[in-house]
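To keep things simple, chains are lettered A, B, C and D as they appear, and every chain counts its residues starting from 1.
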Amino acid sequence: MRVRVQEADFDLTTEISLLRQARPDVGAVVAFIGLVRDVNAGASVSELTLEHYPAMTQKALASIAEQAQQRWEVDEVLVIHRVGRLLPMDQIVLVAVAGAHRGPAFHACEFIMDYLKTQAPFWKKEQTSDGAHWVEARSSDDAAAARWEQS
Amino acid sequence: MRVRVQEADFDLTTEISLLRQARPDVGAVVAFIGLVRDVNAGASVSELTLEHYPAMTQKALASIAEQAQQRWEVDEVLVIHRVGRLLPMDQIVLVAVAGAHRGPAFHACEFIMDYLKTQAPFWKKEQTSDGAHWVEARSSDDAAAARWEQS
Amino acid sequence: MLLNVLYFARLRENLGLAQEQITLQSTRSCVSDLLDYLRARGPQWQATLAAEKNLRVAVNQDLARFETALKDGDEVALFPPVTGG
Amino acid sequence: MLLNVLYFARLRENLGLAQEQITLQSTRSCVSDLLDYLRARGPQWQATLAAEKNLRVAVNQDLARFETALKDGDEVALFPPVTGG
């Protein structure tokens, strides 16, 4: 399990290669890439600033990735989340899961994203045509995370 | 919708960049990468040959991608499938879906893979420690595709 | 009717044939009629085409059923369940 | 008990404060007691911390509940619902 929080951009080919390195038993990689959109809630976005809670971020992401590895048979998990100033079309987050088969890899990747969206301490502030404002949490994200709760 | 069948390898960063090109409204990309495993059904695999039905392949993949775009709100779909001789750890297939939000992108990507596995005319022949043999279709793939049938 | 028949993967190997042209006498035939015609060629054909659960068919490059009707000039492909991806 | 209290995002901006040390008199307190203490500071604090549905808390870097018990030396972070990813 690899977790990184960084200002720098990341390269997909490089990161997926590292994830699979020396794992010839891996048959499936599922990757999610989150990107800065130039519109949000109807306003055009010129810039985004990502704030986080450094002491907690790594711990929260590692815990989410660990839960995924306990629930699904997957071999490797990578989470990279950027912080600082970002522009439209910039990459924000990469979640990549490698395993023998695709089903568990899809589930683990979507689970990590849904939990990251509701439990990892990041906050977005947008510069829009209407001024600067903090992005509102979406109730659809809470609903997405709630789907995974075990009865 | 872009569909390619080729012997050559593909580069993830390049392909995802092309997919997102000039689409600043894209907030989510989900990518699946299928890889040659060095083991299958207990035997070690030294080489894989992928045969296909050229006149049908493009048409079948395009139809699957189109169904996904009709069912989920996604912006761009890319499918690349390799044919010919491949070695363990080689990339076989890339399915990448770009859209505003992650839920539809995850669903569309998994749907395309499940249908590709059961409907696209590719056949794998493995060279293993037990000799050469055609890979058997997996009933779990039929079950995965059946999940998406609409009632 | 004249059909262009293609064989892929294990079928192509077992039958030793990738492609052939076949003329069916009837003007109203479906995929099953073509299969019956082929099975009558001998034991190797009978054995290779016996188990319908291991047989898939495409007519004019679209997945089809054994009861799909055929018409003059159709391209019919016979192959095992697919294993790509 | 001595607490290290952190504020993030909208809370940090509204309160004009990123971090402070707070001494609660009681030896048995939970997050809600800390919130009551903070709300008593004035209208800006009252307003910013009023809606619990827009408030999340972490104790020692783990997400916690308003009824989570606090102990001497804890790091308590208050912030709005997260919006990363």
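Throughout what follows, a contact is a pair of C-beta atoms (placed from the backbone, for glycine too) under 8 Å apart; a residue touches a chain by one contact, two chains touch by 3 or more.
Remember, it's a predicted structure, so these values are computed and weren't measured experimentally.
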Other chains in touch with both chain A and chain D: none
Message: Measuring between Cα centroids, which chain is at the maximum distance from chain B?
response: D
Query: If you average the Cα atoms of chain B and of chain C to get two centres, how far apart are those centres in Å?
result: 26
- prompt: What whole-number Å value describes the gap between the mean CA coordinates of chain A and chain C?
  reply: 48
For chain B, residues that touch 2 or more chains besides their own: 34, 113
- line: Listed in rising order, chain D residues that touch 2 or more other chains are none
Field: Chains grouped in pairs wherever the two touch, ordered by label
entry: A-B, A-D, B-C
Task: Would you tell me which residues of chain A are touching chain D in their complex?
output: 34, 50-53, 55-56, 59-60, 81, 92-93, 113, 116-125, 134-137
- request: Over in the complex, which chain A residues touch chain B? Could you list them?
  value: 11-14, 16, 20, 24-39, 88-89, 100, 102-103, 105-106, 109-110, 113, 140, 144
Message: List the residues on chain D that touch chain A in their complex, please.
response: 6, 8-10, 58, 61-63, 75, 77, 79-85
